[in-house]
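Going by the order they are written in, the chains are A, B, C and D; count residues from 1 in each one.
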Amino acid sequence: MTDTPSSPPCAINVRVRYAETDKMGVVYHANYFVWFEVGRCELIRAIGKSYRDLENEGIGLPVIEAHCEYKSPARYDDELQVKTWGKLLSPVRVEFRYEVTRLSDGAVNAIGRTEHAAIDERGRPCRLPDYIGGLLK
Amino acid sequence: MTDTPSSPPCAINVRVRYAETDKMGVVYHANYFVWFEVGRCELIRAIGKSYRDLENEGIGLPVIEAHCEYKSPARYDDELQVKTWGKLLSPVRVEFRYEVTRLSDGAVNAIGRTEHAAIDERGRPCRLPDYIGGLLK
Amino acid sequence: MTDTPSSPPCAINVRVRYAETDKMGVVYHANYFVWFEVGRCELIRAIGKSYRDLENEGIGLPVIEAHCEYKSPARYDDELQVKTWGKLLSPVRVEFRYEVTRLSDGAVNAIGRTEHAAIDERGRPCRLPDYIGGLLK
Amino acid sequence: MTDTPSSPPCAINVRVRYAETDKMGVVYHANYFVWFEVGRCELIRAIGKSYRDLENEGIGLPVIEAHCEYKSPARYDDELQVKTWGKLLSPVRVEFRYEVTRLSDGAVNAIGRTEHAAIDERGRPCRLPDYIGGLLK
């Protein structure tokens, strides 16, 4: 993480499910994006709202870009920590950054980034609510 | 398949994805239910409609019961055939039965069954449209 | 649950991920089988071993039958409790039963059952270790 | 696609499964990475080998980096085309690029990229076999 996103990181643990492994014996790479989703939802919860609330207010945050670098494989039953940072890119765009580490040895499994556009119920770009924007500024 | 569902079976092939395997080296068991979904959607398509049409008409067919017996493991890259039969249980309920076999050797991988209730857009039970009911009777 | 499995139930909570929902707005039915997996792994952990240990000892417990009845839909961000019971069916077979309920209102979302055969590293049936058998008898 | 990967593109169609949608009514973003996997496996098949063969020869190609830009949402039952290009980055690294388009209207749903390191059965970096390297050079 070279730059410094302004939100304090939010951490949540996930345990690797059997369903999330593949025949290589490690976690299938696409599942990290699911954990990133868990991470950013927890970050939004940490600032006093849930992503469900956001949707109920008619605002969606679809992913418009996703990136992940895989550092060392996570394995079945590993307990992992997902750390998430958020940063407002513009009044209608937000970026989240993630770091997944294994609790037992601190190994970094992956680092990632997703970018999201705020949209209203008709799918048109809209401003992020102030309570999100203010906290991720 | 002991009894005889009245619809002719519909067959569609799926190839096992890496994502669908687990660390045991075979297909993770829950994925068969996804292939069953592929099978019954193809069966509905075979009678001239798509499940998407059905939803656009305001009718949903949520799964209310699901069952699968695993006979022999499917593996990565196997080409499988999903055969599906449909049967009307009542004006508001339908049952589908499935058989998954490997094309290369005819091995039966799994047999299954799902039961569905027709619901309208408010989630209340509703009659299946005649074009479905008539064909699965 | 009509009969009485002899293991005390084990409970673990899961929160519904966005990835686990479908366009009907509720949890896609196959994902309950993944939560059942989470439940039985926690039950094995509760008796002092992990399923990972079991595999490291050369024993696998593939699912040979799976069943689920869906009672009321779970939704995104719901916190659910998965209760699991285990029962030895024979020296080489074990059954787990599951109940998934929503924490906020106690609604039962689903009840299910899986049956498993113990196999050794060559895929041949083998006896379950005593520490499993003894506790689930 | 700014630069020109030297392999001719390989195209394969996938139809969006209900399981792949989420409550936003569109495809959950992580599933595109699964289709990318389908695409690159088909590309390897097109050059006369399967990824399964590669693994049987003791070579794995784990993903070390993955990226996706989402252009327009794919929906349930859409038939999509996944086009894949491959390019050798070094004797031990390969890159694949992807474009997912909807067949009905040609809309681009997503473009992506994955990078892979060749490893042997002990997990150590190894040279890609000549038949892969030669074709993707």
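Throughout what follows, a residue touches a chain if its C-beta (ideal position, glycine included) is under 8 Å from a C-beta of that chain, and two chains touch if they have at least 3 such contacts.
The model shown is predicted, which means the values in this text are computed figures rather than measured ones.
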| said: Can you tell me which chain lies farthest from chain D, using the average of the Cα atoms as each chain's centre? | reply: C
| Is the number of contacting C-beta pairs greater for A-B or for A-D? | A-D
| Centre-to-centre distance between chain D and chain B (centres being mean Cα positions), rounded to whole Å | 28
| If you average the Cα atoms of chain A and of chain D to get two centres, how far apart are those centres in Å? | 23
| said: Roughly how far is chain A from chain B, centre to centre by C-alpha average, rounded to an integer in Å? | reply: 34
| request: Could you list the positions in chain C whose residues touch two or more of the other chains? | output: 18-19, 26, 30, 34, 37, 76
| said: Taking the touch rule as given, give the residues of chain D at its contact with chain A in the complex, in rising order. | reply: 24, 26, 29-31, 33-34, 37, 60, 62-70, 73
| Can you name the residues of chain B that touch chain A in the complex? | 18-19, 21-23, 25-26, 28, 30, 75-76
| query | Taking the complex as given, what residues does chain B use to touch chain D? | reply | 15, 17-19, 34, 37-38, 41, 50-52, 76-77
